[in-house]
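One chain, chain A, links the two complexes that follow: it is found with chain B in the first and with chain C in the second.
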Partner chain A sequence: MKKLINDPERVVQEELEGIALAHPDLVKVHFNPNYIVRADAPIKGKVGIISGGGSGHEPMHGGFVGLGMLDAACPGAVFTSPTPDQMLEATKAVSGGAGVLHIVKNYTGDVMNFEMAADLAKAEGIEVESVVIDDDVAVKDSLYTAGRRGVGSTVLAEKLCGAAAEEGRSLKEVADVCRKVKDWGRSMGMALTSCAVPHVGKPTFDLPEDEMEIGIGIHGEPGRKRMKIKPADEIVEMLMEPIISDIPYKEGDEVILFVNGMGGTPLIELYIVYRKAYEIATKHGLKVVRNLIGPYITSLEMAGTSITMLKVDEDMIKLWDAPVKTAGLRWGI
Partner chain B sequence: MSISRDAILEWIKAYAAVIEENKTYLTDLDAAIGDADHGANMHRGFKAVLGKMSELADKDIGTILKTVGMTLLSTVGGAGGPLYATFFLQAGMKTAGKMELTPEDWYTALEAAVNGVKMRGKAELEDKTMIDALVPALNALNESIHDGASMTEALQRCAQAAKEGMEATIPLVARKGRASYLGERSAGHQDPGATSSYLLLKTAAEVLGKA
Partner chain C sequence: MKKLINDPERVVQEELEGIALAHPDLVKVHFNPNYIVRADAPIKGKVGIISGGGSGHEPMHGGFVGLGMLDAACPGAVFTSPTPDQMLEATKAVSGGAGVLHIVKNYTGDVMNFEMAADLAKAEGIEVESVVIDDDVAVKDSLYTAGRRGVGSTVLAEKLCGAAAEEGRSLKEVADVCRKVKDWGRSMGMALTSCAVPHVGKPTFDLPEDEMEIGIGIHGEPGRKRMKIKPADEIVEMLMEPIISDIPYKEGDEVILFVNGMGGTPLIELYIVYRKAYEIATKHGLKVVRNLIGPYITSLEMAGTSITMLKVDEDMIKLWDAPVKTAGLRWGI
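This part shows the complex of A and B:
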């Protein structure tokens, strides 16, 4: 698989060097342990928000560090959870005395590493709350499995919690916003192609030219069902139905509709997806009050899309509209 | 027969070499049901461990194992990082200050290590994880010691049980870790974590069991 890299072992290091050069007004990049932190951190009296995960999902999470969103992001190796020492140092770097929120995606490694980091931070006297996002309806939730994966809702949680912290809300109040997103957001994704982890060099799974994978995760892990490719509208129906039936969305509910690109799918196709997703939501009596369309939580060069729908109340809409200034998301400023 | 401090150092070095040799194999197993990084992650971790070896040459077994654990914690990542880190940290706590281990000491250390992994990963037998290799191995070691087996034989029976446990993960449907997202489709593949755990105990039998 062709890649625009120098050395598979130095992909994350060199990416971070690029970010440091590109956005010195927004962030500082700390190496060994690696984390990206707001240029003006720590902010006294403000709740700090950190997230992290494997690399390969850019702009998430590093691209969301800045005013109105994350205070720090911990990038792991490609598709590999970061380590507790990174998370601990990032937590300390953003701690302004009001506590720190860890936004964690539900993957076994991420959860275990963040748990260890939270224990270490608490031992150093920093108040930490953790919320684990698990919004992927493609995975059956059960007491006997690792549970649903954390995907698209994470981006929305980072935006809303970032705005809440910027307003000066308490750690508990910011964590409550995150828990609302966890409870009210649902996602499902699909892939047209696989992707290749740089140090592996070959696609994570094989997907024939005329087939697609429904229920794909963001790490190239195969989904739950493989089938012949279909027109976009039918694919969108296959993604929207499980989302809408998973939470009891009521007629008249207001939602944010987020159509995400997996990294290799152009915007022209994402708008085709949005068009049908909007139509289906409206047919179910849901009011799409805000949207986000583009590659925000990607899976390297994978072609495909994921759809996230988040039910919102008035407060959440206000938080969504609040100013944000990050490399990956910027408005109102 | 007992296990010397030097033998423990040799075991760690030998395992780092085994991981290097099996890096692609472990990653391929992971690609089938996970996210294709187990071999690379373990390799990165044990390469860092090798870098610490010179400063450990005159330390006690507890310090050696704890240093291995802390090094893995900050270098491996993924789920394997905290799990293998916990394994070595727990074993290190039970062997603090010791310069050699009796078979009973070794059992106590391994028992704490396995219980630590269970606690951290919240996994049980037949979840298709490291636990499926580690728990039968621990039981076999216990039985061997009670049978009055030699250290060499006890370690061999321990490794053999880990091998059988690892192979028994093939038909299982995963209930923990990333493989659980696949549901029924995870059956038919050997668990990569159980495999690296078996290799650890196999290396122990080869290195520590040398009479």
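This part shows the complex of A and C:
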């Protein structure tokens, strides 16, 4: 598969160099170990928030570092967990004395390394809470994960927790917001095409020209099933049904509806997906009060979409609306 | 090529329905004729700004309707010019008594239809100015265009003119900003893969697995040349050289550097492109004072990138920094 890169082994390094040149007002990029940190970190008295994971899902997480969202992000190699020393250094860099929250996507490597980093940080006297996001209803236990995978809810957790930390809440209170997102968010994705990891040089999987895969993971992990391509409305039904049957809601509940692009799917198609997802949510008595539409948690150049629905209360809506200033998400400032 | 759509003939209709459901706080969608208009239009005493063109370039233009940018956008069928009646109705819908600016990309159909719409609007007593953007240095005269094509500078023109109109400038003054962008902006693009128009159902052109096309148009029009794929840095040199040799600049001038994704290229690659483009601009004594990186003027699912460089003065930087609140671009509010 064709890519705009120089050296497959230097993709993340050169991407980080690009980010450093593009956004010096927002972030500093630290190399060896690699992490992206708010330009004004650490902020005294504010809870620090870090996340991280394999690269290839941009703008997540590095694009979400800035006021009102993450204090730092640790990018691993493409589709490869970052190391504990990256996470430890990032934790120390954002520690302003009020503790640090680790927002972790449920992938075995990420979970293990964030646990180790948290232990090391605690040993250095930094209070750490960790919340593992596991919102993907497609499959239980898969290629890289025990339990459900962590996907789209992570983006929403980073926004809401970032706002909570910004307004001065305690570590426990910020972690409570994250636990609410973990409990109240559900996601499911699908792919029309594979992606290709640069240093592998070939598609992660083969998908015939008339087939799609429902329930795919963001690294191309197998989903629920392959089948002939269907019209968008039927695909959206196949994604929304498992989400709605799993999410703890009652009629009249309010939700944020997030239609994500996998990287290779144009926006025009995401609005067609949103149209049907909104209709289905509404038919079930859910009130879509906010939305997010675009490529925010991607899988390199994979064509496809994922849908995330997060039940929200009044406080979470307020946190959603709060100012955010990052390369990947920005409003109110 | 695989798409998340229902009926190829209803792609734009359903996309517009999705936009209407997603952004009622920002825009109203008018059907038959189709246009997307600011929810609070017309604004008494403010210059109205409209643009439009074939669909398939999202978020341009519909995603740029809102405070500080466009007052309305007219989407044609995919890669097909909108009709004069769409443009006339949009012009009337945004006319607040201070005149209306038409920002037109240089494609023969767009230019012709906007001219006709302007004449009709003038006949109804609305003052109209039109500026035709023709910033693509790749080729002179191509498949759908006499002269240079209008591409990435259009996005920047919409932002700067929108800010100028928002602060109460006159029609002539807003059009002057647009003429500056036309004079001081240059672009060039390239493709790794083709796109496919939904109702055509097959790729617009064939590009072998080891080739790319330099100077491609946003509808897949032929560019300057095809060749074997090169490393990203060499590709960026091939795009930046014609831009820099054409742009009227002197050492020390300030520029906005816009690295655009064609729709199917992930963000991680755009930062690798930015890294080199920034280096080349800097080497030529240009000072990159602002940037924009992401898929803003796309060609459906085409993989590739375009680079736009716009020389700016102090006033233009101030207009760039002014608040904007649209689905596709937002800050400061």
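Simple rule for what comes next: the second predicted complex is superposed on the first by the 328 of 333 C-alpha atoms of A that agree within 3 Å, B and C clash if a C-alpha of one lies under 4 Å from a C-alpha of the other, contacts with A are read in each partner's own complex, and residues count from 1 in each chain.
Operating definition for what follows: a residue touches a chain if its C-beta (ideal position, glycine included) is under 8 Å from a C-beta of that chain, and two chains touch if they have at least 3 such contacts.
Note that this is a predicted model, so its numbers are computed, not measured.
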Combined model on chain A where chain B meets chain C, clash or fit: fit
Contacts of A:Thr193 with chain B and chain C, given as first, second, both or neither: second
Angle at chain A between chain B and chain C, C-alpha centres, nearest 10 degrees: 130
Which superposed partner A:Thr83 touches (first chain B, second chain C, both, neither): first
First, second, both or neither for A:Ser55, with chain B first and chain C second: second
Chain A residues touched - chain C or chain B, whichever exceeds: C
Partner chain in contact with A:Met116 - chain B first, chain C second, else both or neither: first
Minimum C-alpha separation between chain B and chain C after superposing on chain A, in Å: 18
Residues of chain A contacting chain B in one complex and chain C in the other: none
Of chain A, residues touching chain B in the complex: 33, 54, 76-85, 107-109, 112-113, 116, 138-140, 144-146, 149, 197, 199-200, 204-205, 217, 219-222, 224
Residues on chain B engaged by chain A in the complex (per definition of touch): 27, 31, 34-37, 40-41, 44, 73-83, 120-121, 174-178, 180-183, 185
Chain A contact footprint on chain C (complex, rising order): 2-7, 11-12, 14-19, 21-22, 55-56, 58-59, 63, 192-193, 209, 212, 229, 231-233, 235, 263-275, 278, 291, 293, 295, 298, 300-301, 303-305, 325, 327, 330-333
